[in-house]
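So, here's a batch of structures to check.
Shared chain: chain A. Partners: chain B in the first complex, chain C in the second.
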Partner chain A sequence: MIPAAFQYERAFSVEEALTALASDPDAKLLSGGHSLLPMMKLRLARPTKLIDITRIPELCTITIESDRISIGAAVRYHQVAGDRRLADVMPLLGEAVRVIADPQVRHRGTIGGSAAHADPASDLAAVFLASEAEFRVLGPRGERRIPADGWYVAPLVTTLEPDEMLMGIDFPRPLSSRQTYLKFPHPASGYALAGVAALLSLDAEGRVRKASVAVTGAASMPFRAEAAADRLLGQTLTKDVVREASELGSGEGEYTGDVQYSALYRQNLARVMIQRALERLVQA
Partner chain B sequence: MEGHLSIQLTVNGRAVAGEVEPRTLLAHYLRDALGLTGTHVGCDTSQCGACTVLIDGLPVKSCTVLAVQADGSAITTVEGLASGGHAHAVQRAFQERHGLQCGFCTPGVLMLSSWFIQQYPTADDRQIREALDGIICRCTGYENIVQSIARAQEIQRENQAPLAGEAREGVSS
Partner chain C sequence: MSQSVYGARVRRKEDPRLVTGHGQYTDDVQLPGLLYAAMLRSPHAHARILSIDARDAEAMPGVVKVYTGSQLKGLVAPIPTAWIPPESDLKMVEHPVLAYDRVRYAGDGVAMVVAESRALAEDALDAIRVDYEALPAVYDQVRAMATDAPQLHGDAPGNVALHWTVGTDTDEVFRAADVVVSQTIRQQRLIPNPMEPRSAAALYNGATGELTLWATSQNPHIHRVLVSGVLGIPEHRLRIVSTDVGGGFGSKIACYPDEVLVAYAARDLGVPVKWTETRSEHFTATSHGRDHVDEVQLAGTRDGKVLAVRVKAYANMGAYLSTAGPGVPTILFGLIVNGAYDIAHASAEVYGVFTNTTPVDAYRGAGRPEATFLIERIMDRYAAAIQMDPVEVRRRNLIRREQFPYANPFGLSYDSGDYHQALDKALAMLDYPAIRREQEALRRQGKYIGIGFSTYVEMCGLGPSQVAGAVGFQGGLWESAMVRVHPGGKVSVFTGASPHGQGEETTFAQIVAEKLGLPLEDIEVVHGDTNRIAMGWGTYGSRTTAVGGGALALAADRVVAKAKTIAAHMLEIPEEAVQFEEGRFHPEGSRDRSVSFQEVTLQAYLAWNLPAGVEPGLEASAFYDPTNFTYPFGTHIAVVSVDAETGETRLMRYIAVDDCGPTINPMIVEGQIHGGIAQGVGQALYEGAVYDDDAQLVTGSFLDYAMPKARFFPRIELDHTVTPSPHNPLGVKGVGETGTIASTPAVVNAVMDALAPLGVDDLAMPFTPARVWEAIQAAEGRKGGQS
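Our next item is the complex of A and B:
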């Protein structure tokens, strides 16, 4: 299968990319190409121009500062997985990218591509939501910072305007030290049938000081399980508390069944996976 | 040619320059323009990994990479695995352990394996199976592929320790 014909342009700077994007309403940015090219091969997408952003230096860096971690939009999954400094300050991110697809896909796919493509089962969506990430966007009208809560609008739709570019994703520091991402992959596609990112910090008495849980894949949209976090706050992590939090948290998604998995099954799976993720953090 | 772009690659150590349409997939460029038909196109939907080649040392699915995206890179295909007339460790191991049946998936499996044993020389069976996630083999049931990769790790170790080998031979003779 061969995509419909298009023009290709390689941008070496942010300005070049934005100018090229503004000059053609049917142009698209090309990052790892592992969502866009398969869609173009099936002719589900027919952009007239692709603007390759993977050689723009600003988009390819990982920066760790005292109050934040910034990942450039064109940083590839395998680079995140192999970054030792990141493993120290945000193990959650490496844990999540290591269960995306397979080694070959991880050598191409990028953090920004995953965010911009906004597949409702994307593994990173749960990580972005749970860690309160902020999306840095640049366009002809200047820079915007969009919190993860306001990023995902609908399946494959974000708040990004067609002439804007995602520059990178910032994670606030310090993050809760107990973090995990747990995935139940779809047996055929490998995408998350339910993926749960959870972060917890405890006080000296072992009571929950901060909690954050997000779920991808199970519901029609990735969501933050606020009610789970609320139930955990101030509590000691007993079996009952964890069970109740999982129940409440999974109840917040909007589930739709498909040929293989009913809405009820999906909600139950979300509950089980939240519970397993929290149990893992109790032991951590 | 109109709408074509010039690209320069190093393919199996040889400099290559060409003119391609932007929509030309790397797999097709290798097969049709360069005649390197060892790289197979199986699913053409990014699933099977038969088209796996190394770009700058990393395995990728060449049916999901544009030739223009690879401009300036070094590509290794299955034709470039052997060097100086010597089969690569993975080639020897797959032969010894029967890591293939029909052989259709094999070029991709070999390319992935060549990267894997170098990157994770002591990986266990579970890790080998995990690495094979991006490969679909319809024949072997993977069992012999896993064993072949484990064997390739051994061969690699033997190759890397020629001095120790010589010393052992010295003692036994």
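Our next item is the complex of A and C:
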């Protein structure tokens, strides 16, 4: 209930944060703290030092350019949900953010914190994967850009090195205009038992020009449902096509059951949610 | 006083304090020099303790002392149980305050650290080294009765804690009956989770020998009796304070080792000590509820008349007997398995079984939800077996209005009611024929909705105390009240009941306001402090307003009677000629001359001019023992939709028509019903403790244990009928538990009704999306196999 003793330091610049991080191998960056602090209270995490990065100006901004959208790592969920410009160019992000947890969490939690914590049931993981986001990372060896596909390694593990800091997340533009996030929350935790982000572009004849589908929560890792997208490409969105795409897409996850939700159930739920997300886009 | 507050939707007096953070909860206690305790709990469900080494922990700066079980053995008595059902062969096994040789559940206390801060105390827990020898563990009560099961207690062979039977012989009826339906039902274990966790703080006064124990208790006087016995502190030197308690649902009835340990340490160290459980501790170390495996059978005719019902129950008691634990699956369950139906023959046989799990005790409804669930489920099975509408089967068997007082097969005397009226009212709200038509139409589109009924009755407000004794409750079930009018005319009301969220600071003030003709704000209700209130039995079992309110009504009447005597003297008229109306005394038929209640009060205290033989002062006490239980009843209807693809159940409508007699504050009554329904729906759809094969609790946090949430509910549609109970002065019936008792079977019946066309005919609670979906898959598999 009370964390083991730790030091707290607030960084006001990226350099300060990276220096502090380099000076202590057991230090952790603190953003919204909504995943890290509960783990510390249960003493499952025992960092010696927390480096608060939420006052670093360049981590707190949302930039929209013609070819990309850049979200600073310390941008909070509520900022995203309330940003009108974002609502126009990437409604998917606001849609996903608004179903995360509750207002208190959305007030504190950050986009970068969610990415770096890499909970396999995080709503945003599906959004990052489906929209082909890029993670901007800075460390002693300079800047790296990591595509979403290369970010998630295992539950709670990313390719971010311990001495590196996530600066922000970039989404390429233009994004497909039809986009949605559909979530089936776990009745206990509210995390996604299955969450599906889907983006579609259609040509003038109503055939699929571009498709992207990703699933979070259901499988042991969030995943891109490439087979679903492949099945959709060039097709008119008939019921059969959507059904087949959902079947194929859900088949790509690796499912592990727990005492309440079996692997079989999770795969079924992924299938149903992909199907419903696509149906929503057909109507859009 | 132009408008009576009695029966009005008065806002709760306690709420401004509570919602602005001014509540006085146990964890709010701050004292000079306060130390903080933390408990080391067993990670094993069953293990021998080989050694405990606390030297490193004790050497840590800020750590004052570490207590272990072997140090306290002989100094602190074991925790007793307070309910010994007669002829149950109850095995009163030892429950030490800290385990000294063996731990029997994951969460069993092993050591207590006292330190200068809570953080230091928790740090020190990490430094205590305990050497365990793990033993095989068992969490399931049926498996625990097998001959090769691990044994928990040397003096409880086969892990049987109790064996109890009640009722009439039903064998002959079952043999001769045309229709017999049977089902084995698991009523899963629930974790209470009140908003406020348990907490205790203790202060010992070395000069007077008085120990004050702040504790999250539903019944401070029961705590005083038990803690006094365990620690050997006489009752006149032991004060229990439970001013604001943030919900209990039964989990704060029991006397736990934790508060005893805190009190012991405060006396031992001569310094105040406080402990508050974490939510994680609450999941494993606070009593759980339900956990039955029941075999229920019903015998009936082909035309819908129930002839007999019988139940064989296996109740999980957990690792030790909790305070009221043994009474819950026996007295509070077995005596009412016929439910609201006129059934001539009924019997119940109950095994209480020890397992390597958290002890089980009362949880909102306590025994009555379990009984109600069985009868309401088996009535639906019976209806299906004879192809009759479940409403019609209920209608044919509900006790009729003219049968009251109704003697049930176990000797209970149901007080009053018109069960058919409540049923009809609820059906009218539903528009039953229309919803059945809609169900048919939706089924043709592959959509599944279901309608479920629960025509329940329950027993609450237990008493008289003679009956409490006869059923083995080690206490009385009367209640005390004192009404003290202060010289200026304001009133303090002292109740032995101990409300902890139910709103009686308001309801009781409404009773007194009505009796004394005073405004509500002139009345303060005092509870939860054994030094301020007279002996009383606390709040549980929906007894507070029926029994405590009864005591209060009597005490208030006594105050009015004395005031009337004084008023007559002041008005110089005979007492019989005095009329008391709207706070003033005047001669009957004339308002020209009158004295106010305040003037009479002042005279009572000045005592310058009192009638001969009348003592000064204006206050009165009452110790009220009810003549019998009360029996609230009603009809609940749930309409659900089931998404066959995801298995998700959604409540579309919920209708409840309840009868708790006259209502003192309808808003509070409705709040109780709303909350109760939500909790019962929690059991049907969401909640359930899950143990793994090592008897480890898998659902040990809100990440895995699903509590019902507001967004899961539609607007609940309420109405009521009013049938006063003849068993108490106010005619009221308890309403704290009816929602929980009625709603679980209503929702389960609705889901089963929705799933019927898919071929699902049995499913264990909670109806999680996965369970429902898997049941549908299995049924489709069976159909596939058949075709």
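Keep this in mind: the second predicted complex is superposed on the first by the 284 of 284 C-alpha atoms of A that agree within 3 Å, B and C clash if a C-alpha of one lies under 4 Å from a C-alpha of the other, contacts with A are read in each partner's own complex, and residues count from 1 in each chain.
Here is the rule we use: a contact is a pair of C-beta atoms (placed from the backbone, for glycine too) under 8 Å apart; a residue touches a chain by one contact, two chains touch by 3 or more.
Because the structure is predicted, anything quoted here is derived from the model rather than measured.
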{"item": "First (chain B), second (chain C), both or neither touched by A:D52", "value": "first"}
{"item": "Partner chain(s) touched by A:H34 [first = chain B, second = chain C, both, neither]", "value": "first"}
{"item": "First, second, both or neither for A:L269, with chain B first and chain C second", "value": "second"}
{"item": "Which superposed partner A:Y261 touches (first chain B, second chain C, both, neither)", "value": "second"}
{"item": "Chain B versus chain C as contact partner of A:F6, first or second or both or neither", "value": "first"}
{"item": "Greater chain A contact set [chain C / chain B]", "value": "B"}
{"item": "Which of chain B and chain C A:A101 touches, first, second, both or neither", "value": "first"}
{"item": "Contacts of A:R178 with chain B and chain C, given as first, second, both or neither", "value": "neither"}
{"item": "Shared contact residues on chain A - chain B and chain C", "value": "1-2, 4-5, 42"}
{"item": "Complex interface listing, chain A residues touching chain B", "value": "1-8, 10, 30, 33-34, 37-38, 41-42, 50, 52, 54, 78, 101-105, 107-108, 190"}
{"item": "Chain A residues within the chain C interface of the complex", "value": "1-2, 4-5, 42-43, 184, 186-189, 191, 193, 259-262, 264-265, 268-269, 272"}
{"item": "Interface residues, chain B side, partner chain A - complex", "value": "3, 5, 21-25, 28, 44-46, 49, 52, 55, 58-61, 64-66, 68-69, 71, 112, 115-116, 131, 133-135"}
{"item": "Residues on chain C engaged by chain A in the complex (per definition of touch)", "value": "118-119, 122-123, 126, 278-280, 645-648, 685-686, 690, 692, 698-699, 702-707, 768-770, 773-774"}
